[in-house]
Amino acid sequence: MLANLKSNRAWDSRLNEKKRRCNAVNKLANGKVLATDSFVEALEKLIVAGDRVVLEGNNQKQADFLARKLSQVDPNIIHNLHMLMPSIGLPEHLDIFEKGIAKKLDFSFSGTQSLRISQLLADHILEIGAIHTYIELYARLFVDLIPNVALVAAYKADRNGNLYTGPSTEDTPSIVEATAFKNGIVIAQVNELVDDEADLPRVDIPASWVDFVVVADKPFFIEPLFTRDPRLIKPIHVLMGMMAIKGIYAKHQVKSLNHGIGFNTAAIELLLPTYGEQLGLKGKICQHWALNPHPTLIPAIECGWVETVHCFGGELGMEKYMAARPDIFFTGHDGSMRSNRTLCQLAGQYGVDMFVGSTLQVDGLGNSSTVTHGRLSGFGGAPNMGHDPHGRRHATSAWLDMMQSQNPVDRGHKLVVQMVETFQAGAKPTFVEQLDAVEVGKESDMPIAPVMIYGDDITHVLTEEGIAYLYQAKSLEERRAMVAAVAGITDIGLGVDSKRVAQFRKEGKVAFPQDLGIQPTQAQRSLLAANSIADLVEWSDGLYDPPARFKSW
Amino acid sequence: MSNTVLSRGDYWFSLLTKGAKIRRGQCASIKVADGDILGQVARFIAVVPDAKNKYPRAAHGEVGLLEGWTLAQVVHEVIESDKLNSNKTAIIAIIDVPSQAYGRREEAFGIHQALAGAAGAYAKARLAGHPIVGLIVGKAMSGAFLAHGYQANRLIAFDNDEVMIHAMGKESAARITLRSVTALEKLAASIPPMAYDIDNYNKLGLLYKLLTITNPDNASDNEITLVKQTINDAITDIIKHGVDLKCRLGGKDRHTSVVVREKMRAHW
Amino acid sequence: MPNRDMSFIELSARERARRILDQGSFRELLDPFEKITSPWLEPQGIVPEFDDGMVVAKGKFNGKPTVIIAIEGVFQGGSMGEVSGAKMAAALELAAEDNRSGIATQALLLFETGGVRLQEANLGLAAIADIHSAIVDLRRYVPVIGITAGTVGCFGGMSIAAGLCSYLVVTREARLGLNGPQVIEQEAGIEEYNSRDRPFIWSMTGGEVRYKNGFADIIVKDSVNDVKTAIIQCMNKGLPDTLRSDDYDYYLQKLNAIDTSKQADATLVKNIFGRGDRK
Amino acid sequence: MERIELTYPATEKLQHKALAGVVGSGDLEAMFIPHQEKMLKIIIKTSVDGSKHRWQNLFNRFASLHALPMGTLEINDFASTPGVAKLRIEQVFEEANYA
């Protein structure tokens, strides 16, 4: 037989190691509850140099107490960690590297810290494994990046370790699952500890998946990233919103969709109850959403446009409103919303007909990126929504509308829409010959350029100039010319012959506002269903409670 | 200037009110005296530092809550007591105010309203026929100046480096206009209304007289007489020309203010 | 749905003036086509505006002769320069002359201003002094009504002008204060005044507390019709018995009674100045 | 600040003078005054230095799509994007037509 080939390794080394570490903190723990003031000492026993540590944090909630404490451990004891971080949003996240506690980083998104990451990378203080999209990173937690330790955040825990994560459940289930079921150690920071399970609104993560809880010195940090003040929406956003509704949403009868963050999409949300209503579109478009709880969606919900919304995460101030609209949002038996980033990303990838997003740069072929010189911002979730998933098999009218050939085995296509003004503030052209991402990729020794959304996934580019229906392009050359036709007076836009543009408009490959029956001068803020945060509160019957920084009363 | 003198404003208040009747009972930061200026009956008013000010943000001679309302009170007294007189008491505002008071209590308790009380009282007095002369001996800054002095019929200033008239201190102005202090100073040199010095201010035509006083903290008898005489001349001039502020519109660097008024009248 | 006819805050200064005045009666004086722009901004490399951010219009309000003077808060933060200041002062002076010659021209002032335009510093300050003078003159004959709606609010020397008005109308989004939050923080420190703490700023200077504490007379919703109704209410009251700016006895008595050994908060302010009838 | 002057042949007769926009961040005001000469005279004051080329491109493009009106167009620009600028220019011409 092949007995001599059979390994005689131990099969439970991870389990034994976990037991060893847990025993080491016996004196610092009361059951599963670790003391707040000796927590750094506990961390030094629960984490071992060279570990893979997943630290929860994303667009919204951050396990900031755990990050702060991790940055205080002794680098002589704990070093060389390999950090897995969905998002790098706090200074402490990078202090861990600067202090030599961690060395390698796999991440997905870095908003405010993107400049510093670039610097640390250049100084060889950190190594980057790869920049991922959110679900790509979660996927690898189950394959080749299985964590030894997970550091997560919850609103509440009981003494047994049951967690209530509520509207901000977000990444926690995926991170905990990858760790707990591979004999890693799960540590949760909580805002509040209760004695008994009955004192939790509901259990989002069962106690048996959780090893330790610690009460944080202050509630976890949460960023109201998806709140857009309607006051800042300009007439040009209204114009582009009107074009989107008439020239894309109505044209293709888009029923399910995802919106990125930005004033363009906020304008669309606020135009549905007014302009959309005028066009008689209610019940025909925009019924099902994979979307964070955007406050600007409140008027459309209140007017009966929206059937369902599944959320990646929560949004500060929206809790009471969502709880009061359980037919629309996913809520638990306790009434509070439950988000789930992984599942919502999947919903946004496979379940919806359209993604509409914005970006900083688009090249001639429609490739786009938010990475510009000196900023390694990562991708977050946009590429998951902003691509055509080839695994999709169900058909909808919008998806089928993208089919261009008579080929008997052709398939539909998700609508992937880039909505950008031709120039950014400060007269920076949005349309460029080459994305900055190409150079940045080279400078950072990345194997591929950090492109956010690839041109061949894009079906529409919408600018204030017009809409290019790129799915109709017959060739790469035609695609380029169609992008140029709506690129205004950027160098890209100046590169297309006006006769050709006229021909595109005649063929319906490009539509200017006038071709859609929209007079640009109609685009006024008075068309918006809400002009201010105060209006949104009023629409919500006082249920929406905006964060202080958005209040002006 | 002796040690018991609180400020330059206080020093000139003392010089001008020798033998006058000092009003008591109001907050220590407002000095009031009734006397005369070369025979012309006058009430003298100065804002001075009070280290023990009940409102600590107004301890250095700033015009704060108490100061604003007290100015309103002591000016109204003059209006009231002369109500039936055709010869109106003159009011001499001695101006040395570094700023209005900046603070939480000030905003919350309505310092804007307190300063409106002061400015309104001076304006009412002027419209009632009281000749008002503002004597700028030191700083005349921003809201403090609006409350104490800018409603005068005539403004007299000393030609001196420490005499400064402006809307905002340099540091704050630089921050608000997103400039460096150096850049601000450079601009101020070429844009008269931006300047902090009294010579440039004089070009705006807002002053009745600019007086040369060798040492405003230790004036000679001749200089004191000159100041008194100039104030007295100003009062005569006011009585001759009426209660409005038209005399401030003659400056070449304030010409547009005249053009706007002419056109507004034409279109009215 | 927000229950209102039309947002007032949303409107430009010109539209505010046009919509307040009786329909068809709006006539702008020194309109933008006259191009009387600031002589001081261009030499400093700053783009001017044709009306210098000040709209003066004559017309009728509720059938009565009215001049409305509206500051455009978007241009240079509604700041007062030589031209914009002179436009306001001149209009007020002419309204007072009208009254002296038997025409009861009333004045509405729409404040949306940070105060002096620092690029025209001393001329802005001088113009504000003229405005103060003209309000005090005119309010002897007719009520001078100030309105501050937001989003800029009313600050600096113009908050003094607001304090001189016969009546003051605010929205809850308005702020009314002498010194801008940034400047107070700069001068007095963040402990004294945190300019980034919006709820704090509104709890000190917001329209609602200004109304409740008696520094404004009427609070209205952000609605053109409600603003107009409030103006009619003020006009119907006629000249006030006591002007707020003449009420030194009341304020001195309050200010002297306050214990200033501890810092003020919103509750303390309410306890001292709160008007019982304003909930 | 930069001052830019441009001139284009023009044929359209618009009846009225008109104004659109406010000089606020990212925005501009545009004033049109009609005249009888067959040209459009454009005077721009802009806070963005070195932008003459972009304004030229903007009006070249505008002229290729619309018949230009006879008159003077004066613009006070506070760093508007070309998209916002175009919207304001369309607005002022429309108002000059119907005002």
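Should a chain be cited, it is by its letter among A, B, C and D, assigned in written order, with residues numbered from 1 in that chain.
As a convention for this text, a residue touches a chain if its C-beta (ideal position, glycine included) is under 8 Å from a C-beta of that chain, and two chains touch if they have at least 3 such contacts.
Computed from a prediction, not measured in an experiment: that's the story for all the values here.
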Using the touch rule stated at the top, which two chains are linked by the largest number of C-beta contacts? B-C
By C-alpha centroids, what is the most central chain here? C
Can you work out the whole-Å distance between the CA centroids of chain B and chain D? 47
What whole-number Å value describes the gap between the mean CA coordinates of chain A and chain B? 60
If you average the CA atoms of chain A and of chain C, how many Å lie between those two points? 44
Please compute the C-alpha centroid of chain B, do the same for chain C, then give the distance between them in whole Å. 24
Two-or-more-chain contact residues of chain A, please, as numbers and ranges. none
Two or more partner chains touched - positions in chain D: 27
Got the chain B residues that touch at least 2 other chains? none
Can you identify all of the chain pairs that touch? A-C, A-D, B-C, C-D
Residue ranges of chain C in contact with chain B within the complex: 29-30, 34, 36, 39-40, 43-44, 56, 58, 82-83, 85-87, 89-91, 93-94, 115-116, 118-130, 132-133, 136-137, 140, 156-157, 159-164, 176-180, 182-184, 186-188, 192-193, 204-205, 213, 215, 243-249, 251-252, 254-256, 258, 260, 263-264, 266, 269, 272-273
Within the complex, chain C is touched by chain B residues 54-57, 65-66, 69-70, 72-73, 76, 99-100, 102-117, 119-121, 123-124, 126-127, 142-143, 145-147, 150-151, 165-168, 171-173, 175-177, 187, 190-195, 201, 204, 206, 244-245, 248, 253-254, 256-257, 259-261, 263-265, 267-268
Applying the document's contact rule, which stretches of chain C touch chain A when the two form their complex? 1-3, 6-7, 9-10, 150-151, 172-173, 196-199, 202, 206-208, 222
Complex contacts: residues of chain D adjacent to chain A: 26-27, 48, 51, 54, 57-58, 61, 64, 79, 81-84, 86-87, 90-91, 94
Counting only contacts in the complex, chain A reaches chain C at residues 231, 299, 302-303, 525-526, 529-532, 534-535, 538-539, 548-549, 551-553
